[in-house]
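Below, each structure is written out as structure tokens.
Both complexes shown next keep chain A, but they swap its partner, so chain B is in the first and chain C is in the second.
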Partner chain A sequence: MAKLVIIGAGPAGMSAAIEARRHGAEVQVYDNRPEPGGNIYAALGSCRAHRQDVWSALGSSYEDGGPLLDAFLSCGAVFRPRTSLWHLDNDGILALKGPEGTRTDTADAIILATGAQERPMPVPGCTLPRVMGVGAAQILLKTSGVVPNGPIFIVGSGPLPLLYAWQVARMGGRIAGFVVPNGANLRLSAFVDIQGILAGWGYLTKGLAYQVDLLRRRSLIYRNARDIEIIGEIHAEYLRFTTGKQHKIKVGTVLLHDGVIPSIHPAAAAGLPIPYTPAQDAWRAESAGNIHVAGDLAGIIGAKGAALSGQIAAQTALGQTNSNASAKLNKERAFRRLMDAAYPPAQLAAIAPNTTEICRCEMVNAGAIRQAATELGPDPNRIKSTLRIGMGPCQGRMCAKSLQSIVARETGTSPDDIGLHRLRSPITTITLGELAGLKE
Partner chain B sequence: MNTERAEICIIGGGIQGCAAALELARRGHDVIVIEKDYPGRQSSGVNAGGVRRLNRALPEIPLSVASHKIWERIADHVGDDCGFTKSATIMVCETTEELENAKARAAETRALGYTHEQIISDSEVHKHLPKLDGQVTGALQGIGDGFASPFRTTQAFFRTALQDGARFFLGHRVEQISRSGHWIVETRDSRFEAEILINCAGAWGNQVAGSVGDPTPVHAEAPMMTITAPVPHVTDAVVAFTGRRLSFKQRHNGTLLIGGGYRGHVNPDGYSSRLALDKLAMNARAVLDLFSHLKDVPVVRSWAGVEGMTPDHMPIIGPSLNEDGLFHAFGFLSHGFQLGPIVGQILAELVETGTTDLPIEPLSIRRFR
Partner chain C sequence: MAEGIQFDVDGNAFLAQPGETVASAMLRLQLVPFRFHPVDTSPRGPFCMMGVCHECLIEVDGKPGQQACLLPVVPGMSVRRPLNG
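Up next is the complex of A and B:
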């Protein structure tokens, strides 16, 4: 019986596990969270069972994950929660840490379904307490039913902030205002893509409802904002920006969002190809050897598309012929193309003031990166070795994308030609004791 | 195809190649360096940074001592202090037998006229390692040794060589070497011609040497290092253990840099490497055997870098036996960083006069004939 290891129990990982079990494979699924679901369906099982208030506030985009979760839990795959992958070799050796300690595992095939993360939005003051990503705030809502202190201001745009604002309203909260950075406005011109509109009709009607709801609740909306800055002594207190005139607004919490990008770090550390996709302004991972990629990791596609992609990855990994999932996946892709065109990322990193901290671990600011790029050229590895950017505990998860944007702009190089810096293990932190206790 | 001509062509832009380029450029020579990536990309940039004369093989001591004199004024030499910090450098003994051997070693180097090694007592060792679990008997200490920042150092040699007129061709991987009177070195889209060729190609030094009729038994190894998150004071010393495979130091920012000669895997491409997790775990166990309070310290990064190793663990330095106008300096595994400054000087002297005052005969390629 073929042994398949799946990293990540979001829609792609769960769906891959279900499909692989259907073909009789032995399946192990690892995820660093306590429950399956990934980001989109985070804590779905316990929320459904114990938090009726949150469950009903989150709406259908969350409820939709229920049948998938149930199918996963009963498919016969072994699920190992709270388990992190800290090393993956291109020869297929995985090293994990979890409640059972630190150990290695091997498999006939591996599916990486590590999902997506928010594109870091480095604006001055973004490292202050009471500033977080919209996605992070939404996970807080799903896992703990928590809405942060108001007044809440969202800096950014896109489908996720709209959905989150609607969910917060259903929890009895309110988003006080939206600050849309210059360049990140919804592009109505994208809606000439009839194929995309047809493919995503359901999503679009929902999005429109969220938008109407926002207007009804009189959230303030500032468009074409420039020089965005978060100000505060020990935590965020004010949001400052210009829209033709100066604004300085008192805030309780600032939530940032500039779209999502694939969580490529484990794939990159394993040496998989990491091509850059201009339309999504992001790197994605491609399968190689017996390591297969699925879901948002292979290019942002959304929950339904991720589940289809997981199913296909399992079929490919087990040498089965692909089912009709491919046709359905193409429909999801058509809608994603529309969304990519409608919500271009603001890419604030490229224009971040020199004093803005880009690498939090090693405290490297945008000015230092610009200077290094000018002196050393657009090679991220040379810049890394010189400035130590990306060498801290997060291994560049928070700065690699920003580094690429800054270097591209500064040197006039296409982002395509600026690769990702070399990644080192451990890709998630382990302690010396955990390393010493490694069981083979 | 682009052709560049020079008097001297150096293959390899690591610390040896950059130091040789600097020395030759300063003496007014027309020198070019061909580097497959960028200076310090491989071992020169990712080694442990030890600036150590302590416990060198006897034939290396004169070179190491001479190099140390350059390290003492490194900022004048390359315009940057390279992060060179003096720090007690100790080889800790845990048994009486180990201490007796260390004493014999110290006596031996004293008898040869060197004064940089001494024995320190167990209580002095505990002062350097206040949190050490268990007993020690003493240590062999290198007086005046320390450590520097390897990437920064290699960059400093590179920058200074560049300022002094050396020409660098980065991102040029040598594909073929031939000779027709002068040396002809070809990369994918360039051709370089020179009277004199210097092989500073590190782990790939044997590929260069072999292609010009000087094959050696050098093979590639990938020593591994681990660095932790910052921790409260563990030591002010650069520490190695006589009877265990463990060495470490604590850097200025509190992070611990841990090694001990554990080797990863060199990939079949010969250029990249992978970690050997079992060995890495052994390295962590070696730390915790003696410093159990460090068990919850996060590991930030582990890595392996490719280096060339000779059977006797000493580098190959000196002229070719077959060809005029060809010099080698490679195969430095774990020993090369501190020697870099003097190797540059030795190579410059060899080029100019055919000889050097330092005793390099024991390091000659002749020993592998």
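Up next is the complex of A and C:
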């Protein structure tokens, strides 16, 4: 019996597991979270069982994950939660750490379905408590039913802030205002068109789209914002920006969002190809050898597409012929191209003031990166070894993309030509004790 | 919250809901900052809630450097905020 190991239990990983079990494979699924679901379906099981008010407020984009979760839980795959991958060889040897200690595993084939993260949007003051990603706030809602302290201001663009605003309204809360950075396109004015696209593709009902439109009319909207800055002593207190005139607004919480990018770190450390995709302004991973890439990791595709991609990856990994999932996946890709064009990233990193912290772990600011790029050239490895950028606990997950944007602009190099800095195991923090506890 | 899970933060008792992570429970309870940064002592709290940013590192049951956003609250758990870096 073929043995398949799947990293990540979001839509792609769950779907891959279900498909692999259908073909009789032995399946192990690892995820660093306590429950399966990934980001989009985070804490779905416990929310559905214990937080009825939140469950009904989150709407169909969350409820849609229920049948997938149930099929995954009953498919016969072994699920190991709270278990992080810290090493992956390109010949298929894995090292993991979790509640059962540190362990290694091997497989005939591995499916990497590590999903996506929010694209970091560094602005001065973004390291303060009570500043989070919009996706982070949505996970907080899913896991705790919490709408953070008001007044809540969202800085950024993309469809996720609008969905989150709608969910917050259904919890009885309110987004006080949207600050749309200059160069970003929240498409608020053209939002009716976007609603049409979403409705046409079955992502929103017309009625829901209408409600979202009414809702955003109740929030303050500041367009073409520049010089965005978050100010506070111990947590965020004020949001300052200009739109032709100066604004300084008292805030309870600031939520940032500039779209999502693939979580490439484990794939990169395993030596998989990591091409850059200009249309999504992001790196993505490609399959190689017996390591197969699925879901958003292969290029942002969304939950429906990720599930299809997981199914296809399992078929490929087990030498089965691809089903009609491929045709459906192509339809999702076409939809994604529309969304990518409608919501281009603001890329505030490229124009961040010199004092902006880009590397949150080692505290490297935009000015230091610009100076290093001027003196050393665009090679991220030289910049990394000089500034220690990307060498802290997060291993560059929060700064690699921003570093690329800044260096591209500063040196006039194409982002395509600025590779990702070299990544090495362990790809997550691990203590010497955990390392010593490795069971062969 | 009839089915609360008892845990403590800095010696004070709190209740968590089933499925809550340490980070989400502490945000609900308004317990920020989580820590002060070792390089410049700036205050930090959860930012990504998905195991990426490592801003929510906290001491749990005597083990430092735990990612609070990935850890479920379990009965009797003892959390400490390393507030001096």
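Going forward, the second predicted complex is superposed on the first by the 412 of 440 C-alpha atoms of A that agree within 3 Å, B and C clash if a C-alpha of one lies under 4 Å from a C-alpha of the other, contacts with A are read in each partner's own complex, and residues count from 1 in each chain.
Operating definition for what follows: a residue touches a chain if its C-beta (ideal position, glycine included) is under 8 Å from a C-beta of that chain, and two chains touch if they have at least 3 such contacts.
The model shown is predicted, which means the values in this text are computed figures rather than measured ones.
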>> If we overlay the two complexes on their shared chain A, which of chain B and chain C does A:118 touch? Say first, second, both or neither.
In response: second
>> Quick check on the superposed pair: does A:429 touch chain B, chain C, both, or neither? Answer first, second, both or neither.
In response: both
> When the two structures are laid over each other on chain A, which of chain B and chain C touches more residues of chain A?
Replying inline: C
>> After the superposition on A, what does A:93 contact: first (chain B), second (chain C), both or neither?
In response: first
> After superposition on the shared chain, which partner residues are touched by A:45: those of chain B (first), chain C (second), both, or neither?
Replying inline: second
>> I'd like to know which partner A:438 touches here: chain B for first, chain C for second, both or neither.
In response: first
> In the superposed arrangement, does A:356 touch chain B (first), chain C (second), both or neither?
Replying inline: neither
> Touching A:392 in the superposition: chain B (first), chain C (second), both, neither?
Replying inline: both
>> For A:311, using the defined touch cut-off, is the partner it touches chain B, chain C, both, or neither? Pick first, second, both or neither.
In response: neither
>> Give me the intersection of chain A's contacts with chain B and its contacts with chain C, in residue numbers.
In response: 392-393, 429, 431
> Which of the residues in chain B end up touching chain A in this complex?
Replying inline: 38, 40-41, 45, 151, 155, 226, 228-229, 274-275, 277-278, 280-281, 284-285, 287-288, 294-303
>> Help me check something: in the complex, which residues belonging to chain A touch chain B?
In response: 87, 89-91, 93, 95, 104, 379, 381-382, 385-386, 391-393, 395, 424-426, 429-433, 435-438, 440
> What residues on chain A touch chain C, complex-wise?
Replying inline: 32-35, 39, 42-43, 45-47, 49-51, 82, 84, 117-118, 127-133, 135-137, 139-140, 143-146, 148-149, 234-235, 263, 360-363, 392-394, 397-398, 429, 431
> How about chain C: which of its residues touch chain A in the complex?
Replying inline: 3, 17-21, 24-25, 27-28, 30, 32-34, 37, 39-40, 42-55, 57, 65, 67, 69-72
